[in-house]
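As written, the chain order gives the labels A, B, C, D and E, with residue 1 at the start of each chain.
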Amino acid sequence: MGQRIDVNHLNIYYGDFLAVEDVNINIEPNKVTAFIGPSGCGKSTVLRTLDRMHEIIPGAHVKGEVLLEGKNLYDKDVDPVSVRRDVGMVFQRPNPFPTMSIRENVLAGVRLNNRKISKSDADDLVEWALRGANLWNEVKDRLDNPGIGLSGGQQQRLCIARAVAVHPQVLLMDEPCSALDPISTLAVEDLIQELKGDYTIVIVTHNMQQAARIADYTAFFNLKAVGQPGHLEYFADTTTMFNNPQNEEAERYVSGRFG
Amino acid sequence: MGQRIDVNHLNIYYGDFLAVEDVNINIEPNKVTAFIGPSGCGKSTVLRTLDRMHEIIPGAHVKGEVLLEGKNLYDKDVDPVSVRRDVGMVFQRPNPFPTMSIRENVLAGVRLNNRKISKSDADDLVEWALRGANLWNEVKDRLDNPGIGLSGGQQQRLCIARAVAVHPQVLLMDEPCSALDPISTLAVEDLIQELKGDYTIVIVTHNMQQAARIADYTAFFNLKAVGQPGHLEYFADTTTMFNNPQNEEAERYVSGRFG
Amino acid sequence: MSSQSSAAVMPAASGKTADKVFRGIAYACGILILVVLAAVFLFLLVQAWPLIGGDQGANSQTISDFTGGKASNFWGYVGPLLFGTVLVSALALIISFFISIGIALFISHYAPKNLATALSYVVDLLAAIPSVIYGLWGGLILVPAIYPFWNWVATYLGVIPLFNGPAANPSRTVATVAVVLAVMILPIITSLSRDIFLQAPRLQQEAALALGATKWEMIKLAVLPFGKSGVVSASMLGLGRALGETMAVLMILSPGLTYSFKLLQASQNQTIAANIAAQYPEANELGVSVLIGTGLVLFLITFVVNYIARRITEKKVA
Amino acid sequence: MADLTVDPKASLDGAPTIDFDKFKPTRSLIASRKRKDAIMTVLIALAFVVACIPLVSVLWTTLVNGLKRLNLNFLTYNMTGVVGGNPTPSGGYGGVVHAIIGTLEITAGAMVISIPIGLMCAVYLVEYAHGGKLAQTITLLVDVMSGIPSIVAGLFAFSVFTILIGPGSVNGFAGSVSLSLLMLPTVVKSSEEMLKIVPNDLREASYALGVTKQRTITKIVLRTALPGIVSGCILAIARVIGETAPLLMTAGYIASTNANLFAGKMTTLPVYVYQEYSKLNANCPANATAACVTTIPMERSWAAALVLILIVLILNGIGRLVAKVFAVKSER
Amino acid sequence: ACGDNTTASNGNNSSNTSTESTTKAEPISGNFNGAGASSQQAAVEAWVAGFQGTNPDAKIAYDPSGSGAGVKTFLTGATAWAGSDKALSEDDVKKSESVCASGAAFDIPVYISPIAVIFNLKGISDAGKHINMDAATIAKIFDGKITKWNDPAIADQNKDLSLPDTAITVVHRSDKSGTTQNFVSYFKDAAPDAWSYDLSENWPNEVGQGAKGTSGVVNTVKQADGTIGYADFSAVGDLGTVAVKVGDKYNEISADGGSKVIDDSELDSSATGDNRVVVKINHQTTTEGAYPIVLVSYMIACPEYKDTKTAEFVKAWLTYVTSSEGQQAAASAAGSAPLPDSLAQKDAASIEAIKTK
């Protein structure tokens, strides 16, 4: 089931530039944690450190600890590839593999892990993942069509299916709904609600209503000025965050009348 | 000042594919009209027919009339280039010219059209347009820096400044805030409110709160099924649309609890 | 807000004529390519005409003079030449293809940024070395230097018919020429592939990594499929260069007119372009017609190869 | 209209139950994947090393052999009055000034012909033709053109000039024409690729400002693609500047300097390199002084090769500089 | 023009400026073109330099594009003269009638160069030793019939050498070449039983390796042990050369030896046409000291030109080239063999036929 993540004194750099400063946060297992905050404050950056995706950017590195069930991801002996197997990620813009069919897209991660999968096992897994991503009914008749033939919202859900198919313990989602219309957004939110029974979920969103609707905890990131490092300003359970925040900046931010 | 647009029996095609069917709409001068509707229903498509941007896509064409102050844009003798000079457009993704400085970006419409402009007139125009786009204070000290060095929200406002610098009568905006954080969104919304004194504004948005906040009239587009042409389902002033729509589909759509 | 600067807005020159003229020029340039190619084809055809429509007795006399009596009709002459041309270029392409892809990936995905920039420069440098210098270098430096290697290959891999020994010494063989041509076309394929790999969408690469793919798996999932068609056209450019290379082949290869695959032995094959260059200066008029006839065959082969390659890639894209 | 009341629970009903342990990677598989990754890394790095060997060897050979005779005298004299291995009155052994002039003029001529045509052809393909039948044909033929052997291009230009101007019209311009035939495909292809990657957003932004198509193309599209186009053209120049076979035929060989591109033979550096290589060595009569050098042709050949490489390097440098100056400022 | 080595006329520092010069009239001026055989290139360089000594305003360009190409160009009228390694064909003579103002073109020998049989053999060539061979042996080697250096056929003729058991690698020209034709015509005449191929400018068999141009052959021979090839005498460098059997002696290659063969040769009676001087090389000569493998290269000119200036030039030019002064200049610059007097006189008679008025 879901695993807990504890981030201790994490500083995140792009080359020499300190992008995010001294983050400390405890992410509870089997809960949804939302990251909110103004543009450029480092939400995506922090999210990407949780499965060591940050370091694939040339020059990018971190200082500090990220503990997954107590084990520091950034220990020397930890292989980033195996971390990413445990921690799945869904990106802001849908990115199915364009040369693969819908079915192959869902199986892409599994095929890496295990080359000899029986056809029936694979069929079951595809159905399970696509049902999980609320896409099964729409695509079950054309599983062999290319994945990029789907609409934007469908592609996004396909990517979610692809991520859950490898059964990670943690699911990271970076603004998964920003490219979607309201109907697809609803579908994805419902899915998140359902998935949290199995996974620990972290979601970045610009949309505070969304955070309020689906998150159990909310982390508010902020930055003092452009060019300054971002930091975690305030972390609370979602009800507190939106109704009675104990932090002035956070209050000003969540009370903005934004959509 | 702003001009009125009347769309009569407009059918819009991509090659043989009828994308939008029989649109009839009257867009009032000096008002903000919002287009809403699910993904793929043809909002962007309709918007682009209003300044003949639609036809630059190979094979794309229209049937029907678009009257700008009574003159059909699609008459044989109308030069699309001059139409686009009267009708400005701002795109979903900010697209400043990467080879130009901030200043040159603002002046692009003038310069690219080979119009002679004195240095002092140019300075005035740049300041006027940037003030109009609510960006002057942020960039006045670095007008010669490249335009793409700005943040997303600033870039979007720069594009608005570029569009208003050619003094169009109508300003079309396709989801201008979808890539922006709440703070930039606010700035752009304020700007729209202000601009409507001078222009007729049409805006496409996925965000119903936004439509409710800034639009005077709202048009709801819909489509019966994927692959079917989109159509204008319901057009009303914004208060009616969101509070008391006389159309069942529209009611279901706007009452969705979306951000 | 007032439009105080409306004075600045003067009616613009419509630019409609400029538009039309520009479009016309662009169109004309497109057509020009067709015309030029048609002209080249017609030229080849006209010049080769005596071969087709002329006195066949004189033709076979000329051809047997070219070949020392080994062939007396055109097809007997052009066949081995064509075989040699295709063999040498195909080998060059095979050698350089994998290395090029490797270097392109190294630059785009493995090397640190500074090193990658330096390497890009090195590749461009390689592209800039004129073929006559490759000819000099290949003929004078590489031929003696590579003999021990070919000898080793012939000794230990000689059972494979391709590498049947004894290796010729000096190694003025198809194998050596293929190596030189590979070096010559390598930068073309590399630099185009590199540009394409660099543009492989980040999103999909990240998607692959996020699924727990290793770097190589990521490349297989997200980079190579994306680059496929571009790499094919880069290879076609490289192949074109190899098919048409004259000087380097002329200066290195010991030619022969057989259908043999013995890469390590001398005097087995010859390419069309090098053959033209070797025979042209001393050829009489009929001889020139024969040579141009071989050029025409090469032209048609290039056409067919490209047509097929295009068909294949089109199908993949669709 | 799509159904708003999606019941997510319902969607999972009937979903198969999955035993995820089945899909877990085995220890050995993980190890083998790691090994494969490491092997590929090594192979890819090795590819680069392998490619470096010939490069270093070529450059080193040219440098070592070329430096011997590369001096001011060599760069400022031509080959008139050079007899055997004897030194000339100026103390040198002849030089390449005529070949440098020839190479620069003929290459410039080829550029003037092929770059505008190639660029406009690419503009047609990308901006106007939109992948129609004609465009497909042109693209195919451009590929075919890249396979024209250089010697056939030379024959073609030679014959065209013979037909148009008259027999024996061997001049620099005929050389330019044959080279432009070889340059054209590279120019078209690289420009086409570069124009293709100019984002459509920019074109639309420009049209939306009421800018005509021609101005959009010249001032936005070409301007944005300029660095790429420049480096493509440099690649094309590098492709032809070392051509020998077609120039032997069209521009010929002459020992003296001819600065007129349109009349008279013209020597170029590659032809010079080849001619000197063909001479192999020079004769020194029995009574010659010690200043008579029998190996002088090969030495001149290498030195001229070095000059050629230097010219290409300088061109490359200029190209990079242009590309840098006009580079699209990267984000932030 | 720019970069000219101006006072170069005395760059040829051998037999310096002579007096009894041929040009009595005013010096020739103008631009004149020739093209043709690459074998003459080095000699032409020396001739141009020498000619310009007395005619400083004559600008002469020679394009060593090859004999065939040279004749082709000449027949279009684009050049004043052509250089060629072989005599004109009858066809060419006929065609030339439309190019010359009157009459048909004629060819005269101007350049005689011995062809060396070069080899590279450890212990022999690097020790500066020669190998003796008769025509049949050389022919068999080049026909692939003799494949080892210690083959009895060779060893018998070289009792004083200890020949190694090295394989012979034959190196021949891969391009169409007058050198090849002259070389194999030696076999055909001197060892007809050992050489069955037709006479051609292309190498007829697939023995050994082919290389482009004289330089290609020499470089290839240099690159490996056990190689043997043939090349113009001037290109030999420090490679070993074969001493060829003439009569019952083995003669080493020398310029004089080449002259002697030509001196002992007749004109080719099959070459019909006015003023033509075509040599039929007597490969079976037994003249003392002769070296029978030689290349005779010609210059081709018209008896009358449409332009008298060109005619004047060609007349003066050929006169100089065939003069003993010109022949000497070529000998020192290109290592060629001077024209024997008998031949020079025949040349002079033909040159005299060029109409200049």
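Just so it is clear, contacts are C-beta pairs under 8 Å (C-beta built on N, C-alpha and C of every residue); 3 or more make two chains touch, one makes a residue touch a chain.
It should be emphasised that the depicted structure is a prediction, and the values quoted were computed from it without experimental measurement.
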{"item": "Neighbouring chains common to chain B and chain D, by label", "value": "A, C"}
{"item": "Least hop count linking chain B to chain E through chains in contact", "value": "2"}
{"item": "Remotest chain, chain B as reference, centres from CA atoms", "value": "E"}
{"item": "Contact-richer chain pair (by C-beta pairs counted) among B-C and C-E", "value": "C-E"}
{"item": "Chain nearest the overall C-alpha centroid of the shown protein atoms", "value": "D"}
{"item": "Separation of chain A from chain B, taking each centre as the mean of its C-alpha atoms, in whole Å", "value": "33"}
{"item": "Separation of mean Cα positions, chain C and chain A [Å, integer]", "value": "47"}
{"item": "Distance between chain centroids, defined by C-alpha means - chain C, chain D (Å)", "value": "13"}
{"item": "Chain A and chain E: spacing of chain centres that average the CA atoms, whole Å", "value": "84"}
{"item": "Multi-partner residues of chain C (at least 2 other chains)", "value": "12, 14-16, 140, 214, 217, 250-251, 280"}
{"item": "Residue numbers of chain E (touch at least two other chains)", "value": "38, 65, 219"}
{"item": "Multi-partner residues of chain A (each touching 2 or more other chains)", "value": "81-82, 85, 112-113, 166, 183, 186"}
{"item": "Contact pairs between chains, per stated definition", "value": "A-B, A-C, A-D, B-C, B-D, C-D, C-E, D-E"}
{"item": "Complex contact set, residues of chain D against chain B", "value": "1-2, 4, 130, 199, 201-212, 215-216, 219-220, 223-224, 326, 328-332"}
{"item": "Chain A partner contacts - residues on chain C that touch it in the complex", "value": "112-113, 201, 203-204, 206-214, 217, 221-222, 225-226"}
{"item": "Residues of chain D touching chain C in the complex", "value": "33-34, 36-37, 40-41, 43-48, 50-52, 54-55, 57-59, 61-62, 116-118, 120-121, 123-125, 127-129, 134-135, 137-153, 155-156, 159-160, 181, 184-186, 188-189, 193, 197, 210, 212-215, 217-218, 231, 234-235, 238-239, 241-245, 249, 269-270, 273-274, 277, 301-302, 305, 308-309, 312-313, 315-316"}
{"item": "List of chain A residues in touch with chain C within their complex", "value": "51, 53, 56, 58-59, 81-82, 84-85, 88-89, 91, 93, 95-99, 108-109, 112-113, 159, 162-163, 166"}
{"item": "Complex contact set, residues of chain C against chain B", "value": "1, 3-10, 12-16"}
